[in-house]
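Going in written order, the chains are labelled A, B and C, and every chain counts its residues from 1.
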Amino acid sequence: MEGIFGNHWLFAASVAELPEPGDYVTVDYGPHSLILVRDDNGGVNALHNVCRHRGARVLTEQSGTTGNLVCGYHSWTYAPDGTLIHAASAPGEKFDKDCFALKRAHSRVVAGLVFICLATEPPEDFDAIIPTIEPYLLPHELNKTKVAYQQDILEEGNWKLVMENNRECYHCDGHPELACSLFPTWGLSDGLIPPHLEEVWDRNQTAEQELQDRCDRYGLPYRVIEELNTRIAGFRISRESLDGHGESFSESGRRLSKKLLGDLPDFRLGRCSLHLQPNSWFHMLSDHVITFAAFPINERQTLVRTTWLVADDAVEGVDYDLDTLTHTWKQTNLQDANFVALCQKGASSPAYEQGPYMKSEYQVEMFIDWYRQRMQEHLA
Amino acid sequence: MEGIFGNHWLFAASVAELPEPGDYVTVDYGPHSLILVRDDNGGVNALHNVCRHRGARVLTEQSGTTGNLVCGYHSWTYAPDGTLIHAASAPGEKFDKDCFALKRAHSRVVAGLVFICLATEPPEDFDAIIPTIEPYLLPHELNKTKVAYQQDILEEGNWKLVMENNRECYHCDGHPELACSLFPTWGLSDGLIPPHLEEVWDRNQTAEQELQDRCDRYGLPYRVIEELNTRIAGFRISRESLDGHGESFSESGRRLSKKLLGDLPDFRLGRCSLHLQPNSWFHMLSDHVITFAAFPINERQTLVRTTWLVADDAVEGVDYDLDTLTHTWKQTNLQDANFVALCQKGASSPAYEQGPYMKSEYQVEMFIDWYRQRMQEHLA
Amino acid sequence: MEGIFGNHWLFAASVAELPEPGDYVTVDYGPHSLILVRDDNGGVNALHNVCRHRGARVLTEQSGTTGNLVCGYHSWTYAPDGTLIHAASAPGEKFDKDCFALKRAHSRVVAGLVFICLATEPPEDFDAIIPTIEPYLLPHELNKTKVAYQQDILEEGNWKLVMENNRECYHCDGHPELACSLFPTWGLSDGLIPPHLEEVWDRNQTAEQELQDRCDRYGLPYRVIEELNTRIAGFRISRESLDGHGESFSESGRRLSKKLLGDLPDFRLGRCSLHLQPNSWFHMLSDHVITFAAFPINERQTLVRTTWLVADDAVEGVDYDLDTLTHTWKQTNLQDANFVALCQKGASSPAYEQGPYMKSEYQVEMFIDWYRQRMQEHLA
């Protein structure tokens, strides 16, 4: 917890979860609880959810709207920037309110995604990747989206198993719904295609070429940038084609919402996917966005929060059907939760020893290499 | 647990919970389980609830009546004083029953309140406070009361947070029912009254003067004695006025039971309140008594047991209505349980640091000072 | 766990639970999970239930039938002997399947009882006891039985308390159903009979003599062999008489299934009982067999699995009534679970100290002596 979650930029929420000033969400990373609150200038403050008086948790709901933040115990009242603005006191009581603002964490909003950092000195490396990833993400204009649905799954495995599971498609036979649109050849490359996937691979190649032509036409970046183990803010970003109609995560590959996001020119834009260590991944499509956040609970449980965003003017029942929109990833998440639980259980046996990674799992190896580096640096 | 609960006198129950010889209650302090059983002479024995044969828990109910104490495993049978009086054995089996009495803890009954001590040598300091507190308590004659109601709340916080919460009324805005009768200026003094409480304070002062006059007339002690951090058996005792009619913890301040306790001469006697470290507090009124005991479960949970006592000849439905009698403190206890849980959660964050105490919280500071002293002595 | 369950032969199941090739059961000993699978040659393989790829638990059901063992995560496929026979891979991927068979534990089938050993070098002492115990067990021909019923109880006590409880009948007043057929004088001997058991003892002596005559006639061994603390595979075996009709664990002592096991010549054969450390005991009667296995969960919980076996051609509702067959031990098990829980609770008190064992508990003392020896050897 300290080495990884204490020293890195962590995904917390998207701006669609905090559309108006005063809107807040609370998120927990292990024993840490944080309040993210939108201020009047549109910024997002990250505040430790710990009253400076007696330590009570200040906000107890997962989300809501508030003017000031009032602790439920003795009514100490904080502004959305954390400043203590009221604490009942006796006349003449010497007490400097300025010393007791809620502790702040660092926060950044990148293309509508809110990140926080618990470290005193956040790693500067995060700044360096922003210019690289923003061109991929900005066209989806998250600030013009709204939350269609949010799902929390308490997975019976630690956060590391959750992230490892996300870095390979070697298990994609276990995701029949997802495999309709996401090519199960993901993670493979020429010369490594197993016979039963050769046909899919050909389709994938063709779709990829078409997508790249389309992106070139629209000036959208698509190149795979893979820096999972070469920097502190390990990440992978790309825009990749989808199977079938190539529009969205549906059985046919067709759009799931009728409203295009932002000023996107076309529905057939595949998926812009970002994996960002240590705790998040994202799929941005032309018609909706899905954010995934892993919040560690303890050494054997992780809360995985999935949020579906659609254009803020999309109307449920008219422009999208909620069950259809969320079907593929709801199923996929449940399948993944089961895989993670199997690993947690099995790897808890004293008989467990690390096995070999297949070539299609090279990103898992990269992630583990990153983890080793980060922990070595922390422990040094 | 060892430093505090192993080395101090602990409140366990009142004699009203054990009215007849053979009546018992079992109480747990962390991993310790004790039997309190009334013997034929009216004394109360405190016995470790651990069979001397194979270690089985002897009594499993929270309370009841028994002749001898029979272990459910092999029927070893103990007298109410713990003596082993029967263990099935083979003819000629050499076995000295005298060596296997149930282990005893120290016990004392003070004005009808039963205390136990787990230490080999109980701190003598407890003897010293008895002559001080008895004159306050004895007039309520607990030996002539009966249990009207008992409530157990499993609070999601450690016992220290429970006790700290009890030492201040800075949070009394969170107790609307209680604030009808208990002056929320409690803990304040002249010159420290915040503007919104000035009117209450004037009422409080007037009521206090009237109560003191009345007590002087009846020969009842009322002076505040506050020795929270100046001795091992840290305590605070006083008789203080109540708001409204000044009789009891009701919305109007009027009596909640029609029967006066003991030989008390008047219903308008406010509340005689005792706080006794480490684990109890009491409110004794003219018409009923409430005892509060904090039983630590583990490092983050505490069982808080509240018991309402009325005159033993008071008849439910005639002299008192049970819901009305218990309303104020049932609500107050739930509110306090919530406050304690907020503190436990918030203070578990690595971002927590101790904050400033307000003047109205001076007793919390005293309690913490006592705790530090006691732990230092234990660790030395 | 390591000293005892890591270094001894452990009972897992009987062959009646795995009648056909491909049948499997999974059993857990603390953090260890094992698959027992019957192979085509009638042998039983014990395999660690941990995929060699990423550590996922391979089989998740408690029992079933399978061809090969397929991991649910990435479909790695193992033969019933643990050999990895398929793992999807890319063309040309260098990967030696021979190195990634499921790890095996040692396994032995003794008279139809399946034992496993987690140690690299199993203690040889187990081999030595087999010729001693087989003559007692083999006549019941477990390979011609079937499972009539299986009951799992999660006992709130550690495995050691479970085993200790099983080694004495000093508590048999707590087993009224069992005491109808199992003489509660069990564990006693001449000169040690308490007065209230004298009549039972006389009956017991007579029944014993009759049983021994009968066994002599049929060539069945019956002598008590008690090596609880004189070897690594501590055990006790005997054939002892039952009360009443002397046939089975019923109220009258009469048979509970109409079909004799194996080629047994008579129903009146009492009980052939085996206690085998560290985790099992067995009662073999002429009409049915009961196996008991203690699977430790953690330091305060144990799963006790009881399995009733009848002749494989016995027909439920015709030859036996399931409720009647299982009644005595279902009740006895629940009573024992309560005793174990009482001990776990009481012995967790810091006030607990070990008490004296009565002569009728000499086998508990032997078991504890064995435990001390085994742990000393492990820690040395």
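The rule is simple: contacts are C-beta pairs under 8 Å (C-beta built on N, C-alpha and C of every residue); 3 or more make two chains touch, one makes a residue touch a chain.
All values derive from a computational prediction rather than experimental measurement.
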Q: Once you've mapped the touching chain pairs, tell me: line, ring, star, complete or other?
A: complete
Q | Fitted rotation between chain B and its twin chain C in degrees, CA, nearest 5 | A | 120
Q) Where chain A and chain C touch, do the two copies share over half of their residue numbers, giving same, or under half, giving different? A) different
Q: Report, in whole Å, the distance between the mean C-alpha point of chain A and the mean C-alpha point of chain C.
A: 50
Q) Considering chain C alone, which of its residues make contact with at least two other chains? A) none
Q.
Which stretch or stretches of chain A touch chain C in the complex?
A. 164, 170-171, 173-174, 188, 191-195, 338-339, 342-343, 345-352, 354-356, 358-360
Q) Taking the complex as given, what residues does chain A use to touch chain B? A) 31-33, 48-58, 60, 72-75, 87-93, 95, 100, 103
